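Just below sit the structures, each encoded as structure tokens.
Next come two complexes built around chain A: one with chain B, the other with chain C.
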Partner chain A sequence: MKRYLLKRVTTGLLTVLIAIVLNFFLIHIAPGDPIRIMAGMDHPSSEQLEALYVRYGLDKPLLVQLGQYIVNLLHGDFGTSYTYNKPVVSLILETMGPSILLALTSCVLAFVLGTLLGLFAARHQGRWMDNLLSYVSYLFDSMPPFWLGLVAILVFASTLHWLPTSGMVNLRNPQQGFGYVLDVLTHLLLPCATMTLIQIPQYLRLTRSSVTQVMQEDYIITFRATGMSEKTIFRRYVLKNAILPTLTAFGISLAYVVAGAALVEIVYAWPGTGRLMLNAINRRDYPLLMGIYLMIAISVSVITMIVDILYAWLDPRIRLK
Partner chain B sequence: MALLEIRDLCVDYLMQEGSVHAVDHVSLTLEEGSSLGLVGESGSGKSTLGMAILRLLPEKTARVTGSAVFQGEELLTMPESRLRQVRWQELAAVFQKSMNALSPVHRIGSQMADVYRLHHPEADKAACRARVLEVLRQVDLAERVYKLYPHELSGGMMQRVSIALSLINHPRLVIFDEATTALDVITQGQILKEIQRLEKDLGLTRMMITHDISVVATSCTHVAVLYAGRLMEVGPAASVLRSPAHPYTAGLMAAFPSLTGEKKPLQGIPGFLPDLTQTIPGCVFAPRCPYATEACRTAQPPLESIEPGWQAACHHRLREVNNHG
Partner chain C sequence: MAKQFSFKRCWKQSAHLRIGLVLFALVLLCALLAPLLETHDPYRLDGPVKAAPGGEYWLGTDALGGDVYSMMIEGTRTSLKVGFIAALISGVLGMLIGGAAGFIGERTDRVISELINIFLMLPTFFLVLITVALFGSSMTNVMIIIGLTSWPGNARLMRVQAMSLKERVFVKSAEALGESKASILFRYIIPNGIYPVVANTAMGIASAILMEASLSFLGLGDPNIISWGQMVYAGRSYMTSAWWVATFPGIAIIITVMSFYLICDGLNTVLNPKAGKRGA
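Let's look at the complex of A and B:
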């Protein structure tokens, strides 16, 4: 187990390093130029532009820039955002809390609800409830998250006035203590519901097909032949075998949700990292973008590592390898 | 009274194109303490027959008719609640693919203890564990198997686990469905010997489903030969295998090498199983039979007695040919 862990950590670090290099080149190769965007529409002179390039170090060859970036990283310096003129680390830390709140709650909710619905569908296979669930799941699966978000705002916020349209807190009426928690929760409800609904279908279908597959395994016939009731077989043996693929999907979506939530964060003006990232892309804010990508790469490796370890704990067949 | 009495058992698999007559009016009797080898080639319906008796065929796609009386009780129409009591307490099984016979993510011991507790709800943890260790010992497995997972054992060891599991609730009848097929001959020989020893010690009755006639020769008191879902010949293993009365039995034996006898080239049986979606008016083996005449193609031969307890369904029984010649 110790060697397994060490191997996982080394490959994780390597993955992050490769991600840094790839992201660096991708960002710089992509069309658009932060200096031109900074200078705006005032037809700056070429001397002015030249001065800006030199000031931000963008006049040097790409490889030199990359080397400088990595050296800075090793010193704990993630750079300063061009557009916000603030350290990248503090910008990311500010937005990470709200992002994790939204991502974690919706991911866990989708995992729990999707798996439960999938189990239900598998047990009622071919009957009308199963068919209905599969139609509805395709409907939500094919809906763009931002569109669902807009519809939800239109219905529950603009028309019915049940819930706030955007933001994380009511700025006009700041609350303290329990009132603050309640305020955040009411603001969280719509974006969280949107992201949960979008993610439920994958768990539903995965669980349903996984259960169906496990039900056909030879050991299920063994247990049936021993006189074990279908209910006991399901609870004691089908569940643990069927949950494994779902767990992998949960890990993957948890890892990518930070970036994936961007569109929903924009629609609801949620002060999260996803929204920060889209702003950084639009303005070609290289240091900020690199910082956010680095954070995503790290969270993906850490979460997949945790899921792998969890998997090995649940499935004894993995431990040997 | 016989332990198991099968009468006119039919199994039809219902499909969109029609139904497949997998088992066609088979009648068999299993006396207490005997061991019956059910042989036939792939697709002969032998496994289907076993699964029908165990009531493990899917109800939607398999129609089972006839009767199977086990210890005076009809198995085929037995209510679910009674069936669950009979299962494993009186009627147990060892299945084909033993590597997948248990859940891969639970420890072997805990799964076996689960099955024991099912029929002994009063047993505490220690009692369950003790019983599991006892049956593991009976099949020559070490105690440490208790806390291992199925993938940590070899095929032969998992086969022993399957046999141990079948014994855990002291059944009267155990159905072995191709239980030794996947094993090498040495392991198979060891396990067959163990099965016979256990049988004597525990007073078991056994039904052995196999395509390997040598398994029957070494380990069974009786043999039933199945072809295309119909019973061809049934009788005491020693007599039937010494001089088979049915040309199909003779053909099966000619297709197996003899270990002790002279070296002869092996002979296969030409042709294939008939299409079982069709109703065949005559003998199902007629198209492949070297002795077939017009009568064989039009009239189904009934099972006729050769000696007490020995029957064959053939218009041209080899036994009679031998006697007259």
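Let's look at the complex of A and C:
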């Protein structure tokens, strides 16, 4: 286990390092002067350029610059957004709450519903319900999340007026206490349903195929030969072994918590990191955009690392490989 | 794995593959026959503004007076072009990198497979997004960038193939006859190990199309070209007054992407019956 742990942590750290190096070189090989890109203005004043030159040490060799960049990152300095005039890190932290609320709720819902549907499909393999589920899951897999969001707004908010179209709270009628929670929940419903529907297919398919695979294992066939009831075999042995890959997929989805919902957030004007990213794109706020990318890359590699280690702890076959 | 590939057998074996190929044939026809199918010039904006579907404008017009139906047909070309070129770049890169790693083995393999794992972990969409934002959003850039960032999946598949193929007798005998490493890689390893990569490439086309649509929806599409993502992007602001502008291109994306997913799934079932049993 120790060896596996060491190996996995090294890979995780390398991933973060490569993300940083990629980020750094992208700024440098992009057309145009990196300082002008970082300054974000068409005609920055010469003092501004001078200050940025010193800040990023652009007169020094490239490797020294990279070193400086990494040191800055280690100090939590991801750069400053010039449109908000605030450090990138604090902007991301401000918007992360709503993002996590939306992403986490939908991840959990999709995991539970998708796994249940997958188990159902696996037990009815080859029958019409299984086929139907398979085609419906392909349908949602192929759907751009932002399009599903737009259609959902059109139907449930604009036409039927059941739910609010956008935002996280009703700004015209601010609520307190329980009313506030209710207000957020009604605003959460549509974006969350959109995200959940988009994510269900992967769990469905994964659960179904992994149950099918476990069912063909020799030990299951042996149990069957001993006359054990199908129900007991399924509950006690198949389920336990088949659920592991689904858990990993759940972990990886969680990793995208900060960003996975970006496109859906934008459609529903949800005040999360996705919206912040859209603003950064529209205003060509490169430091902010790069900062968001780095934060995502780092959180993804850290969370997948944790998931892998947990997985190895749960399933000895992995760590012994 | 090196079983003889027969189209007839594949066609018979998988319903997903059949449906996928029929859908794809339809989409391909739309792209090839676009000038014949279009009722109006998709780039001309001289129709009535936001006209409802029906009559002269089958699927209505957008806020600038463009014919939604003709634009949608034109968008087929864009999507297929992006999908195929991006997937081709990623397929070729993946095959070369993965094939070399698996075939050469030892230290080279360890370094490359570590790199593959790392790149698999980096969030591709956001990498594509910042690169396009920095380098400009021309169609060529978008295609190349998607291709350059999505090879690791293909590389992983090819590596496993190469590792098993290099132990086979025909490769061993080629080695004994003194063929060069490069020649073995290109003449025996890649041609025999290509099928899983081909199946995965169908998936790659689908995700490239979705990625282009998402980029366009973020305002990072090529403004000189008609694409479905851009139509959805343009139509999102008047969803209530002209729902058809964003809705129909979305359906086109779904049909196209789904055809590739079904083809990929069908191919996997046929090529690898044990793992891919889907019942359909």
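Everything below uses one rule, namely that the second predicted complex is superposed on the first by the 260 of 321 C-alpha atoms of A that agree within 3 Å, B and C clash if a C-alpha of one lies under 4 Å from a C-alpha of the other, contacts with A are read in each partner's own complex, and residues count from 1 in each chain.
The criterion applied here is as follows: contacts are C-beta pairs under 8 Å (C-beta built on N, C-alpha and C of every residue); 3 or more make two chains touch, one makes a residue touch a chain.
Not measured: the values here are computed from a predicted model.
Aligning the shared chain A places chain B and chain C next to each other free of steric conflict.
Once chain A of one complex is fitted onto chain A of the other, the partner contacts of A:26 are limited to chain C, with no touch recorded for chain B.
Contacts of A:134 after superposition: chain C is touched, whereas chain B is not reached.
Put simply, if you stand at the Cα centre of chain A and look at the Cα centres of chain B and chain C, the angle between them is 70 degrees to the nearest 10. By the touch criterion defined above, A:286 reaches chain C but does not reach chain B. Of the two partners, chain B and chain C, it is C that touches more residues of chain A. Shared-chain residue A:229: touches chain B; no touch with chain C. When the two structures are aligned on the shared chain, A:51 is found in touch with neither chain B nor chain C. After the two structures are overlaid on chain A, the closest C-alpha atoms of chain B and chain C sit 13 Å apart. Under the contact criterion defined above, no residue of chain A touches both chain B in one complex and chain C in the other. Note for the complex: chain C touches chain A at residues 114, 117-119, 121-123, 126-127, 129-131, 133-136, 206, 210, 213-214, 217-220, 229, 232, 235-236, 239-240, 243, 246-247, 250, 253-255, 257-258, 261-262, 265, 274-280.
Note for the complex: chain B touches chain A at residues 54, 56, 83-89, 92-93, 95-97, 100-106, 114-115, 118-119, 149, 151-152, 165. Of all residues in chain A, only 217-219, 221-229, 236-237, 240-241, 244, 314-317, 320 touch chain B in the complex they form.
Within the complex formed with chain C, the residues of chain A that make contact are 11, 14-15, 18-19, 22-23, 26-27, 30-31, 37, 125-126, 130-131, 134, 138-139, 141-144, 146-147, 150-151, 153-154, 158, 209, 212-213, 216, 256, 259, 263, 266-267, 278, 281-282, 284, 286, 289-290, 292-293, 296-297, 300-301, 304.
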